[in-house]
Amino acid sequence: MIRILYRNSKAGVRTDATVEQLPALLAECQGKGDVVWVDLYQELADEAAPEHAAQQADIEHVLRDVFGFHPLAIDDALVETHVPKLDDWETYLYLVLHAVVFDQDLDEVDTREVDLFIGPNFLVSYHFEDIPALEREWRAVTRDERHSKRGPDFLLYELCDSIAGDYLPCIDAIDEALDKVQDEIFERPAPDMLARAFKIKRAVSHLRRILSPQREVLNKLARDDYDMIDDRERVYFRDVYDHYVRLADLNESLRDLAAGSLDMYLSVTANRTNEVMKALTIVTTLFMPLTFITGFFGMNFFGGTTEVPLPVNPMLLFVVMSVVMCSIPMAMVLYIRRRGWW
Amino acid sequence: MIRILYRNSKAGVRTDATVEQLPALLAECQGKGDVVWVDLYQELADEAAPEHAAQQADIEHVLRDVFGFHPLAIDDALVETHVPKLDDWETYLYLVLHAVVFDQDLDEVDTREVDLFIGPNFLVSYHFEDIPALEREWRAVTRDERHSKRGPDFLLYELCDSIAGDYLPCIDAIDEALDKVQDEIFERPAPDMLARAFKIKRAVSHLRRILSPQREVLNKLARDDYDMIDDRERVYFRDVYDHYVRLADLNESLRDLAAGSLDMYLSVTANRTNEVMKALTIVTTLFMPLTFITGFFGMNFFGGTTEVPLPVNPMLLFVVMSVVMCSIPMAMVLYIRRRGWW
Amino acid sequence: MIRILYRNSKAGVRTDATVEQLPALLAECQGKGDVVWVDLYQELADEAAPEHAAQQADIEHVLRDVFGFHPLAIDDALVETHVPKLDDWETYLYLVLHAVVFDQDLDEVDTREVDLFIGPNFLVSYHFEDIPALEREWRAVTRDERHSKRGPDFLLYELCDSIAGDYLPCIDAIDEALDKVQDEIFERPAPDMLARAFKIKRAVSHLRRILSPQREVLNKLARDDYDMIDDRERVYFRDVYDHYVRLADLNESLRDLAAGSLDMYLSVTANRTNEVMKALTIVTTLFMPLTFITGFFGMNFFGGTTEVPLPVNPMLLFVVMSVVMCSIPMAMVLYIRRRGWW
Amino acid sequence: MIRILYRNSKAGVRTDATVEQLPALLAECQGKGDVVWVDLYQELADEAAPEHAAQQADIEHVLRDVFGFHPLAIDDALVETHVPKLDDWETYLYLVLHAVVFDQDLDEVDTREVDLFIGPNFLVSYHFEDIPALEREWRAVTRDERHSKRGPDFLLYELCDSIAGDYLPCIDAIDEALDKVQDEIFERPAPDMLARAFKIKRAVSHLRRILSPQREVLNKLARDDYDMIDDRERVYFRDVYDHYVRLADLNESLRDLAAGSLDMYLSVTANRTNEVMKALTIVTTLFMPLTFITGFFGMNFFGGTTEVPLPVNPMLLFVVMSVVMCSIPMAMVLYIRRRGWW
Amino acid sequence: MIRILYRNSKAGVRTDATVEQLPALLAECQGKGDVVWVDLYQELADEAAPEHAAQQADIEHVLRDVFGFHPLAIDDALVETHVPKLDDWETYLYLVLHAVVFDQDLDEVDTREVDLFIGPNFLVSYHFEDIPALEREWRAVTRDERHSKRGPDFLLYELCDSIAGDYLPCIDAIDEALDKVQDEIFERPAPDMLARAFKIKRAVSHLRRILSPQREVLNKLARDDYDMIDDRERVYFRDVYDHYVRLADLNESLRDLAAGSLDMYLSVTANRTNEVMKALTIVTTLFMPLTFITGFFGMNFFGGTTEVPLPVNPMLLFVVMSVVMCSIPMAMVLYIRRRGWW
């Protein structure tokens, strides 16, 4: 899907242009605050589909023939996947950003790539997955001229800000999930918590791989001198950069905590094993001697072929034995308490 | 709550101004050592409360209309939360600092954000939680003119120093709690210690996330050349910076020790499990053979339908058996000692 | 095996030259886009073989006498093994790159060294193992003049790109293997998974040792100013550099995950031991008291020489005993449930 | 205690001056190689003692009124504790150094702060604990003029060297203690070794926090250009710096080894638990089946009310049973050996 | 032992000079390619031996009086031990290098210090242990003039190269030992493997402490501009530097693997404990219920004083009991299989 949005002082914000009109539009929109935003959306994930190739060709045509971007930049955008980066191609910037998509159960914590080309009066976005943050920005720009009349650099800022805005709820959701897992591990450790802790760890590690270079991209936009970024807008990118600093920071804490969950699991399990072992040992220690004594007086030396004469009165023996039997558990309890097992 | 404190050579320290008088006050206090301190306190945590919006509007009015701060800076202060940072907006500095609040039981180790704007003759502070360090400074300034007559930069130094002063007792409390937990783990490991060690680890990790950027803010104040900071006052910020270097350092040690507590817990638990297992094994090893022997002579081969003729004298058999029974525990004890289990 | 490929505007791409013609060829191919590519392949791994020395001598002759490279550079290429590096010898560059070779079962994840010399109009490659990426490039250059007519620097770029292209499938294979091992560990931990996880960890660690310096080599080619690299081609090396950034990044994640697998193994094993122990303890706790009771009433105090008079009716005793026997398991079950073992 | 040592070309080394004579002495000792060393020792640890305040006032008087140091520097010295640092106050340097104090049993590994002020012709030292290294230097200077006649910077060098000299035996003692603990852990792990290993780890971590900034202080003295340090003496500070490089290095190794001790403890304990478990399992596996068989033939089905007719000859049954009883242990031993438990 | 080797264009390589002739030799050998190499070998390890002091005095005489080195440099060489370093004393360089000495069983992995002074026409080496690499170089220089005729800087390069050459076999030996230990741990973990893994870890950690600064020394020689190092020779030091880069790199991998061995040990042990526990639990679970049943029917309620009337036919009871006894093991096996223990 190729859609075009443009704004100039005469026409205001319009979305009615076709690909064929693009060159004329670009020539027309050269004034201060004029902007042409071309959003290229490769909807077909299945590369084998026949429509895929056709759409790809249309998109490539726009990038190559209309805008005249460098073949390597087009290749970067269309073929390859990248971590966030910023390439300066002199007359335009090429940016790779990642927007986050997640659900509350954290069954999915994914980042989706958006490729952006920004020139003095145009912004080109390319993506092959649905990007909610971009959609929000597109609708906002269509609705209200204020978003677009400060030129493509301000548009880029708003897009960056919109993308950054999705990361915080994601990190909050991870934080909550982690808290829940840790509470459950303390309550009663079970392997599925281990699985969940690992899933969280993986998500955190994925976010980290994105957040750190994305922060650097924003840092470059805020700090370096690019022709396409007005000096007065740089402060806005610094603001988004501060967001990413905080996000990366929070994510780093989550990483620590996620790693700690696994240690906690091991410790809690070790502790429970120790508890179980103590119970086993106490029971064994109590009953083994008793069972031996009952076995002793169950032998046929005291009634049967192998009978041997008893030197003592049976009644006395029984009483002594009963006393011994009662005193063994008591001695054991005392011993165990002294060793601090209970 | 909005309160205003000002000092100039004519009036001395006064706190009787209203928001309406602020512009006049700012115009008046332009001399060397004149200072206007506006403290904006958003007391209402509940954003849904109707008074919240009104207060927010009042505060925003002061920041936007009276002082004319940049919208992004106001947004940073009022809407967002940040790790400590320092933004230079040319005619004023915007600082985010965090004050620590804790109780001795470490049930709460929290940091509270203070947003500060400092200009040539004014200091604006904004916070939405009670900041004891700021309160102390406010009272000190009201009481004694010496605190304010060196201008807003010295006021800022005193505020930074006051905030820094709360961190050391907090870190000491954590250190003590950690020591206590470690001693208890050595004494007898229990899951609640694990929980406490994790709580401490979390607090340390939280402090670390604050102390490190806060130190950098002070470093910038001590090192960089800002119009609002008198060169002669820079040495004071270096002093506070040294505090934070030490705090970050101590906190880092605590982090090491907290991580060590968890390892210690695992090791001590493993050791206790080993002890318990040895006891179990010794008891089992002693009594199992004995029980077998009693069982052997309890069989109905020696008295009953299945009786078989004994080739030896029962009395002799009984004596031999008794000797064997006595020697088994002794052999076991010897064997166990040789393997070094006891 | 020594093979020579050359291209100039007159002859096009040719591969029919011999070592003897090399000096003449080099003198001839001085124009823009002319290139001589000499591929030196030391096929004989066995250094003791007589042909080995002869081939080595031929190769050394080309490097020393025909191209006149510095003895140290020749030594680096022929004798020693290196991690990727780039040496600037003023009139030529000496590069060490590593190509990856692996099979899907990860029984082999190996990197093979290619030594490259690049001058204004020549490219010399030396290797003592088969390098599929180099072979692909050689065939492509032979087939299509477009690959060679931009000079040796573009040839070098294509070679670098071809080598980089093999790493991604390798890392994907490792990722898949790791996922499989982790799933199996969760299912049922067994020592062979530990062995596989360690093998993967070793492969990842090996790749890391290669990818990081190789990325730096490409970074130098993209950033630094070398006489042999046309300024306009530098952007291509930047593209390959971006590849390596992503590869190193992915590999770093794999490293984290591989380390996590071992922790996971320990945790899952600890958990299973805990499960087993609980079962053992429950069984023991249930039957030990029962066995004691049966032993008690099996003693010869109740029938035999040592008979003692019973104060109660046997039938009543039997019923009481049966009730006690039934209640013991129930009490145990209740106790165990209360401690949360089941 | 305040003591004064001075040297000039006329008087030689003298220690007979009083605080009142200090200003005159300082005015007098302005020549090349003249030096006044004032050692301020706050002996009273108890801040509540009345003499404490008096002594503190005397010391403060010297620092503030006689030498005129900056209030912040005095505050740093008298009130606060610091990690090693170096502040340049233009006409003098303020240094914080830490001397190590330890006993062979490592019951105490402590570092004690020395605050030093060095100017063109004076050295002021302040400490509130006994510093053996400083005491040695004081005695050496008193005894032999050669130590003092190269001015205060050489005196400072000697003091730094003397302090550095105490660290090596301390690190050696830790190394030895660690070796001993590790040997004992291998021999037979016990919780007190864990406690000792943790104590060592804590000492190492404490030294690390001191050695690293102390090294940087020496690095600054060796590298930076200060008015109070003669260029020709800088090479001496480089020498002390090299010491600290080695000390920090050794300490880092100790840290690794100390962390390894805890892992070792866990591994050795796990191993011993495994050994114990094997013994238990073998004993249980041997005797449980035997006990069952004896129980079987002890039932009253073979003699008693519940007697059932035997289809076989009792003698035959007894022999068969005996053979089974003998073969069970043998089978078990074979099985156990095959699984590699013994 | 003091031995002197010199080379000049007239005499060629000679080793017949005495200490007394040294000043004359040094005055004589000033031409291009002339070199005097003085090797000082303090053979007596025992500092208490009377000959030790005499030899030390001789050596000190050469360093101080003949060459006139700085007292600090002499002190560094004779008294102290250092990690590798390079000090520039303007007219000469002072280097500390470490040569590795090891045996195949890794019972000894030691590094020995060589102190080197290099000037425009001389090389002085000092060591108090036998250095095979230095010995090899000495013999090579004596045998063949080519080694010495490029001056002391080339001699230094050859010495550095010779020293570097001993590290690779050492690291290979460690790698092999590590492989062997890991294989054995997988086979059957035993405490002596733990001890060996720790010994290897210690050796790797020791090498790391040496290799990293030694690499930096070579880096300085290759990169910085020293009067004593001819610019054309710098490329040779770069070559040795590349060696150390690779060595440090390999060593780092070994460190990772050694740390992994300990984790592996713990995991394999945990796994084996789990196996043992399962066996124990299965045996106990099988026989405990059976033993209870035999005990039940062994009570004197079925024959003896406490006899109670049976409501059922004994034969029927026996058959039912036998069926129950047979079904219990089967049920257990089914249950165990379902929980995945076997």
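To keep things simple, chains are lettered A, B, C, D and E as they appear, and every chain counts its residues starting from 1.
Criterion: a residue touches a chain if its C-beta (ideal position, glycine included) is under 8 Å from a C-beta of that chain, and two chains touch if they have at least 3 such contacts.
Keep in mind the model is a prediction, meaning the values are calculated, not measured.
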| item | value |
| --- | --- |
| Contact-graph distance - origin subunit C, target subunit D | 2 |
| Copy pair subunit B, subunit D: interface residue numbering same or different (half cut) | different |
| Whole-Å gap separating subunit B and subunit E, where each centre is the average of the chain's CA atoms | 41 |
| Centroid spacing, where centroids are CA-atom means, of subunit D and subunit E in whole angstrom | 25 |
| Contacts with 2+ other chains: residues of subunit C | 266, 270, 273, 277, 280, 284, 288, 291, 295, 298-300, 303-304, 307 |
| Cyclic chain order when read starting with subunit A and heading to subunit C | A, C, E, D, B |
| Residue numbers on subunit A that touch subunit B, as the complex places them | 182, 186, 235-236, 238-239, 242-243, 245-246, 249, 252-253, 256-257, 260, 263-264, 266-268, 270-271, 273-274, 277-278, 280-281, 284-285, 288-289, 291-292, 295-296, 298-301, 303-308, 339-341 |
| Subunit A partner contacts - residues on subunit B that touch it in the complex | 70, 72, 75-76, 80-83, 85, 87, 188-191, 194-195, 198, 201-202, 205-206, 209, 262, 265-266, 269-270, 272-273, 275-277, 279-280, 283-284, 286-288, 290-291, 294-295, 297-300, 302-304, 307, 310, 314-315, 317-318 |
